[in-house]
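There are two complexes below, and they share subunit A, which is joined by subunit B in the first and by subunit C in the second.
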Partner chain A sequence: MTSTLQGITLKGSSELVADFFSFGINSILYQRGIYPPETFSRVTHYDMSLHLTTDVKLKNYMNNVVAQLKEWLMECTVQKLVLVITCLETNEVLERWQFDIQCDKSAKENCAPREKSIKAIQDEIRSVIRQITATVTFLPLLDTPCAFDLLVYIDKDNDVPEKWEESGPRIIDQSEEVRLRSFTTSIHKVNSMVAYKKND
Partner chain B sequence: MAQFGFENDIHSILKLDMPITNAPMARWQRKASSSAMSSLSPMKASNASQNSSKTPSKTPGKGKKVTPSKMGGDRYIPYRNSKQMDIASFLLAKENESGDAKTPGASESQKALSVQLNGYNIEDAKILHLGGKPLNAPEGYQNNLKVLYSQATTPASVKKNRFISSTPDRILDAPDLRNDFYLNLLDWSSRNFLAVALHDSVYLWDASRGDIILLMKMAHEEDYICSLSWTKEGNYLAVGTSDCKVQLWDVENQKRLRSMASHTARVSSLSWNDHVLSSGSRSGHIHHHDVRMADHHITTLNAHSQEVCGLTWSPDGKYLASGGNDNLVCVWPRVQDGSISNDSQTVRCWSEHQGAVKALAWCPWQANILASGGGTSDRHIRIWNVNSGSCISSLDTQSQISSLVFAPNYKELVSAHGYAHNNVVIWKYPSFSKVAELNGHEDRVLSLTMSPDCTTVASVAGDETIRLWKSFELDPLKKKAKDKFIKSTSGVIHQSIR
Partner chain C sequence: QKKMDIPFDISSYLCYQEVAAETSSFKMDLDDDTAVITTLKSFNSFINRPELPQRLSESSAGSGNLQSQYKRRMELLEAAEKVQSKNRYLQLDLEKKQIEMSHKKARFELEKMASDSARDLEHQVDQNQELLGRIKRLENKETEAAKNLSEQEEANRNLRKNLEGLQKKLEERDAKLNAANQTISSLKDESRELMMKIRNQDSTISAQTLETQELQEQLDLQRRKYHEVSQLCQNLQAAESSCADHLFKIKELERRLVLQEQDIAIVKTVKSEVAKVPDLEKEVKLLRDDNAFLRESRENCSLLKEEVEGLRRKLERMEKIKEELINMELEKEVKLKDVNAYCSVLLLVIRKPEDLSREVIQIQQKEIALKEQNYALNSRVRSMEHSQSELRLELNQQRNKTMEEQKKRETHDALVRRLQKRVLLLTKERDGMRAILESYDSELAPTEYSPQLNKRVKEAEEVLQRVQNHNVEMEVSYMHLFHRQKIEDLEAERQRLEEQNNILEMRLERHNLQGDYDPVKTRVLHFKMNPTSVAKQQRQQEVEALEEEIKHLRELVCSLQGGGAVCILSRFLPVICVPDLRKQIESSELKNQRLKEVFQKKIQEFRRVCYVLTGYQIDLTTENQYRLSSVFAEHMDDSLLFKKGSNGNMQLMETEFSKTLGEMVALHLHHQKSIPVFLSAVTLELFSRQTSA
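Then we have the complex of A and B:
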C-alpha cells in the first residue's frame, strides 16, 4: 500500500476537518482584521502559507473549541459551525461565516477506511481557504472594533458539555450571501458560506 | 335482552292468554320491583322504564337518558354528536403521548417556517457556544484594512489629474553655446540663479527677478568654459575651463577667488561636497580639491581611461559617482579629512553601459540609489543600488541620454535626450511609466538642471536655447492644505503664548 492509496477513517476524517476549522477560523480572523496582524505567526500547512494566532487567550479558546469539535465530529452529531462577527459596541451581527457539516452516520470507528487520498482532500481544503482569503476583495470594511463568537449546531438529543451554553442562531437580517467551495472527506462534507450585512 | 322482551310482548299480545302488560301490576310484583329498583322512581312501572326505547311514544319522559344518537329530532336539541367530544379528547390525549398524530402537511409547513425564521430546524439541532463573552482583540486595536478599501489617494491617480504643459514656461536665448556632449554648461543655484556658460563667458540669470549678469569672460578667445557647479549654499561658483584650470567665483561680489591648476586636460565635470570640490578631466583623472587649503589638490582618483563627463556627489556626501567616455560608472568613497592619498579605491565600478556615461543622478528620497544614462550606442537608463552593487532596473529609451534629474515633488525621473528624439522625458519612478514628453528643442538636449523649489526643470540644447519646463508644480489644493496646516499650527502656538 502506498501512501496515496491510503484511505480515510472516521478518526482521520474528524482530525482533518477539525484542523480545517482551526486554520480556517484563524485565516478569517487574520484576513478580516479582527485581530491585529502582528499577533499572528506564519506557518506552512496544506502547502500554503497560513497565519496562526499567537494571542494566548485566543489560542486557549480555539484549542477548547477544536477539541470539543473533534469529539462531536467523531460522534457525527455536529451539523454546523458558525463564526459570528459582531460590532463590539452595538453587538450587531456584521458577518456570519457558516460551515454546514454533513456527516455520514454509517461510518463507525472500526469501519474499513474509505478510498480517498489525504492529498485529494487537502487540495479541496486548500481551495476553500484560498477562497476565504479572496473574500476580502468583496466583503465590506469592518470599520468598528469587532468581536467574534463560534456557534456549533449539534443534534438535539446531545448533552450540553460543561462550560458550553445554548445560544440563538444570530442571523443577520438584510444580508447578502455568498457560497464558497465545499470539500468532503467522504465521511464529513463541509459546505461553506459567508453572509454579510448589505450596504445601503 | 331488550329484543327478547319486545318479542315476548308481541307474543303475549297475540296470545291473549297472558296477563295484559299495560294492566297495573300485581301488588307482589310491584313490591318486588320497587325493592329491586332504586327509590328514585317508585311510581313508574318497571317495564315502562325498561321499554322506553321501544315504545313508539314521542315523549321519552323525563328520564336522564341521553337521546340516542341515531334518532332524528324534530325539536331543537343541542346536538353535540357531530363534535365528537370523546374522540377529540381521546386524540388530544394521544397527541400528548407522541407527535405522530399531527398531519404531515402541518408539520412540514411548521418546519419550513422554523427554517425560514431561524435558519435551522429547532427540532433537529440545538445551538451551543462556549460560555463567556465573545472574544475580541485587545483594546485600542484599529482594523487597518482600510488601506485596502481607500484608493482615492494613490499616486497614480494624482499623476493623472496633474496637467503638464507641453510648451515651456519660458525660453531663453543661449547664443554661442558650445554644442559639445561632454561638457556641463548649466547649473541652477539654491539662491535661484541659473548659470550658463556660453563659449568663453559665464552668464547668470536671476530667475526671481529676470536680470542677466555677465559673471566672467575667458582671457583668451580660443579658451572656453567646460563646466559649472554651484556650492550648496549658492554663493560660490566653480568653473572648469579648457585651459585645465578650475576657477572659484564669489557671485555676490563678482570676484574671482581662486584659480586652481592640477589637471593636464580640460575640466569637463565638477561637483561639490562641502569644502571639497571634485573635478573630472578629459585625461580620465578625477581630482579632489580642498578649496580652503593652499595646497588644494588632495586626492587623485584613477579609474577612467577617457574623459570624465559625469560627476556628482550623493546628497548625504557619502559617495561620489563618476561616469566616463570609457562607458564606466564608478562610485567613490568620501574623502577623509586631512588624509592625502593617491590610491583611493572605488566602492563600485559598473561596466554595463555601452556608451559614454554623462547622465548621473542620486535619488534624493532613497539613499544609495543612483541613476545613470548611456550615450548614443547605449540609450539605457540604469538604476543602481550602491549598497548591494546590483542593477535594480534598466530601461531602453531609444535615444541618447545626456542628463538625468530626479524630481522629488511627484517622485519622478527626468531625462534629457539627444539623437534621435532631442527631447525631455518625465518618467514615474520607480515604475518607469512615461508621464510626459517635453518636445520643443530643435537640436540635441545637452543638459538639465532642477530649480531650487523643484517645480521647474531647465534644459539647454544645441539649438542655443534654454527652455524652462514648469512641470512639477504641486497641486494648489494640496498647497492650500499645507498652508492651512502651517497657519493652524501657528495659531495653536499663539494661543498657548496667551
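Then we have the complex of A and C:
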C-alpha cells in the first residue's frame, strides 16, 4: 500500500482508486466472459481472490489506461469511467458499467492527509467487487461475440493526450439501470452502476 | 370484670350501637374473620377509651344515679353479653359455613367417588350377572346329572326289585322242584322235561345274571359319572375362584385403560400444538426475509441519501466554478487587449539592446504600475461590488417596506371603505330615525313621545348592534377566507413545484445512470487502440477474407460444373451456404478424380488392345505428332513419326527408321497413297525379318 498508516493523501487515494478500477475491470471481463476464462489467473488482493488477465495485449492496454487515469485522478479532472460492452455483429451496446468519481478539490490545495483507515476502504472496495460478482445472476446472457471499451468523462478544458481521442457516450437504447454500492477514500468517492439492454 | 367498671353514657351507648352495626355488617363477610376480630378489638378499645375522662364525672354523679348507673351497668352487661353471644354466634356461623363448605366439598368428592363406585358396581354387577348365568348353566347341568343319577338309582331299585322278584320266583321254583322231586320216579320224563326246563331256566338265569352284571356295570358307569360330576363341581368352584381373580385383573385393566385414555388426550393436544410449529417456523422465515429486505432497503435509502448529498455539494461547487470561470474570462479578455497593445507598441521602438533593456525596464515599470492600478481597480471593484450588494440589500429592504406600506395602505383603504359603508348605514339609519321621529312629531302628541321613542330607540340600538356584530363576523370570515384561499393556492403551487422537482430529479438521476453528460463541461475520451476497434478490424478482415474465399469457391464450382454450362450459383448466396458449397466442391473434386482414374484406366486398356491388335504403339509426342513403334521392331528407338497437317491429312516425317523403309514409303505412300497398307506392309516386313532372323 502506498499511503502511510496515518492517513490518505491525494496521491495515495488516486492509486487506490486506480487499483480498484484495474481489478474491477478484470473481474467484469472474467465474469461476463468477454475473454476466455483460461486467459485469467487468480491473485489475492483486498483480502479476496480476484481474476487478472494474462493476455499480453490486454495487459498493455489496461496499463496504459490506468496510468493515464492516475494522472487525471491526481488533477481531479476525471468525472466518470465507463466500461462499454458491444456486440461485434450488430455493433450495439449491450452493457454499460459506469463508475462516477467525485473528487474533493480541497485536497489539492491542502496537503494534510485525511483520517481514514485503509482497512475500511478495502472493506468497502471488497463489498463493491462482491456485489459486481453477484449482479451477474440477473444480467442477461451474452451469447454473441463481444468486445469491450473504456470511456473516460473528463473536464472539457483538459487537453486530449496523445493516443486518446474523443468518442461518443455509447448510451444503450432502452436500458434497465441498477445502482450498486459506492466507496470513498475521503478524497475520492466512487459510485458504481450498471445499465443493460432490456431483453424483449 | 372489666365491663363492670365501664361507666354508661348515652353517647357511648350510641357509639356502641354504631360499632354493633359495623360488626353486623362485617358479619356478612364470611371469609374475613380478621374483620370481625378487628372490629371487636376496636370496640373494646373504644369502650375502654372514655374510661378516663368519665371517671372524673363519676364523683359528681351522686348517689341518686347509682341505681340508674347500676341498671345501666346491668344493661351494658347484658348488651355486652349479647355482643359476646352475637360474636360467638358469628364465629359459630363462620365455622358452620366453613364446615358446610367442607361438607359440600366432601359431598362432591363423595359423590364423585359414589359415581365411580356406582360405575364399578355396575361393571361388577354385569360381570356378576354373567358369572351367575354361567353358574346357573352349570347348576342346570348338575341338576340334570342329579336327575340322571336318581333315574339310575330308580332303575337300580327296579332292577333290585326285579332281582328280588326273580329270587322269589327261583324259590318258588325250588319248592316246585322239591315237590316235583317227590314225583321224580314217576315222572322222569317230566323230570327230564323239568330238567330241560331247569336248564332253560338256568340259561335264562345266566342271561339275567348277565343282565344284572350289565346293569351293575351300568351302575358302575353311573357312579363314575357321578364322580365325574362331583369333580366338575369342584372344577366349577375352582373356576369361580379364578373368576374372582379375573375380576380383579379386569378392574386393574380398566383402571389402566382410563389412564391411557387420559394420556391419549394429552398426546392429541401436544400433537395439535406441534402441528402449528411448521406454520410458526414459516412465519418466522417470512418475517426474517422481510427483516433482511427492510434492512437492505434501509441501506439503499442511506445510499440514496449519500448520493443526494454528493449531488448537492457538486451543484454548489459547479456554481462556484461558474463564477470563477466568468471572472477568469473577463480577465483574460482584458489581458489579451493589453498584450495586443504591447505588441503594436514594441514593433516601433526596438533597435538596440540598450533600447531593449530600457524598453524591458520600462515595460516592467509599466507592469508594476499597471499591477498597482490593477490592484486599485480590484479593490475598487470589490468596494463597488460591496456597495452594489449593499444597495441591492437596501433596494430589497425598500421594496419590502413599500410592499408592506402598500399592504397597509390597502388595509387602510379597506378600513376606510368599511367605515364609509358604516357611516353610510348609520346616516341612513339616522335619516330613517329622523324621518320616523318627524312622523311621530307630526302624528302624535308630545306626551306620548317618550315611551314609544324609547322603545324605538332600543329597538334601533338592538338592530344596530346586531348589524354591527354581523358586519364584524362577515369581515372576519372574509379575511379568513381570503387568507385561506391564499394559503391554499400557495400550498397547491408548492406541491406542484415539489412534484416537478421530484420528477426532474428522477429524470436527472436516470440520465446520469444512463451515462448522459453536459457537452459544454465534459468530454468523453477513449484510447485509440482499444479492444473494440481492434476486434472490429479483425472481424472486418475475417469477413473480407471469407468473401474472397467465397468468390474463389464459386468460380471453382462454376468451372467444375462444365465450360459452357450456366453457373447456377447466384451472387446472392447467403454466407451460411459456404460450407455446403465447400462440401459440393469436395464431392465434385472427388468425382473428378475418380473420372480421371477411370479414364486413365480405360485409355491404357484401349492403347494396350490397339497395340496388341494392330501391332503399333501410338504415342502423342508433341502437338499433332504421333509416334508409332511396332511390336516387331528390332531396336527400341525404331519408330515412325506422323504429323497431322493443317488440312487434316497425316504426313510421315523423316526418322532413321523410315530411311530404311524407303521402298515401302515410295510404294505405299507415294504411289498407293494409303497409310494403313504401308503400316501393314511394315509389320509384315518386320515380322518376316524377326522370324527369319
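Here is the rule we go by: the second predicted complex is superposed on the first by the 193 of 200 C-alpha atoms of A that agree within 3 Å, B and C clash if a C-alpha of one lies under 4 Å from a C-alpha of the other, contacts with A are read in each partner's own complex, and residues count from 1 in each chain.
Here, a residue touches a chain if its C-beta (ideal position, glycine included) is under 8 Å from a C-beta of that chain, and two chains touch if they have at least 3 such contacts.
None of the values given here were measured: they were computed from a predicted structure.
Annotation for the three-chain superposition on subunit A: subunit B and subunit C clash. Contact with neither subunit B nor subunit C is seen for A:F99 once the two complexes are overlaid on the shared chain.
When both complexes are overlaid on chain A, the residue A:G168 reaches subunit B and subunit C alike. Applying the stated contact rule after C-alpha superposition, one finds that A:L58 touches each of subunit B and subunit C.
Legend: residue contacts after superposition of the two complexes on their common chain; A:L141 is shown touching subunit B, with no touch to subunit C. Contacts of A:P36 after superposition: subunit B is touched, whereas subunit C is not reached.
In the superposition on chain A, contact of A:R179 is made with subunit C only, not with subunit B.
Of the two partner chains, both subunit B and subunit C are touched by A:Y153. Overlaying the two complexes on chain A leaves one subunit B stretch of 117-125, 171-179, 279-287 or 315-323 clashing with subunit C, which is 117-125.
On subunit A, the surface touched by subunit B in one complex and the surface touched by subunit C in the other have residues 57-58, 61, 64-65, 79-80, 84, 86, 88, 145, 147-156, 158, 160, 163-169, 171 in common.
Of all residues in subunit A, those touching subunit B in their complex are 32-37, 39, 55, 57-58, 61, 64-65, 68, 79-80, 84, 86, 88, 136, 141-143, 145-156, 158, 160-161, 163-169, 171.
Subunit A contributes residues 57-58, 61, 64-65, 79-80, 82, 84, 86, 88, 91, 96, 98, 100, 102, 105, 145, 147-156, 158, 160, 163-172, 175, 177, 179, 181-182, 189, 191, 193, 195 to its touches with subunit C in the complex. Across the complex, subunit A is touched by residues 303, 306-307, 310, 313-314, 317, 510, 512-517, 519-536, 539 of subunit C. Contact residues of subunit B toward subunit A in the complex are 118-120, 123-131, 133-138, 141-146, 148-149.
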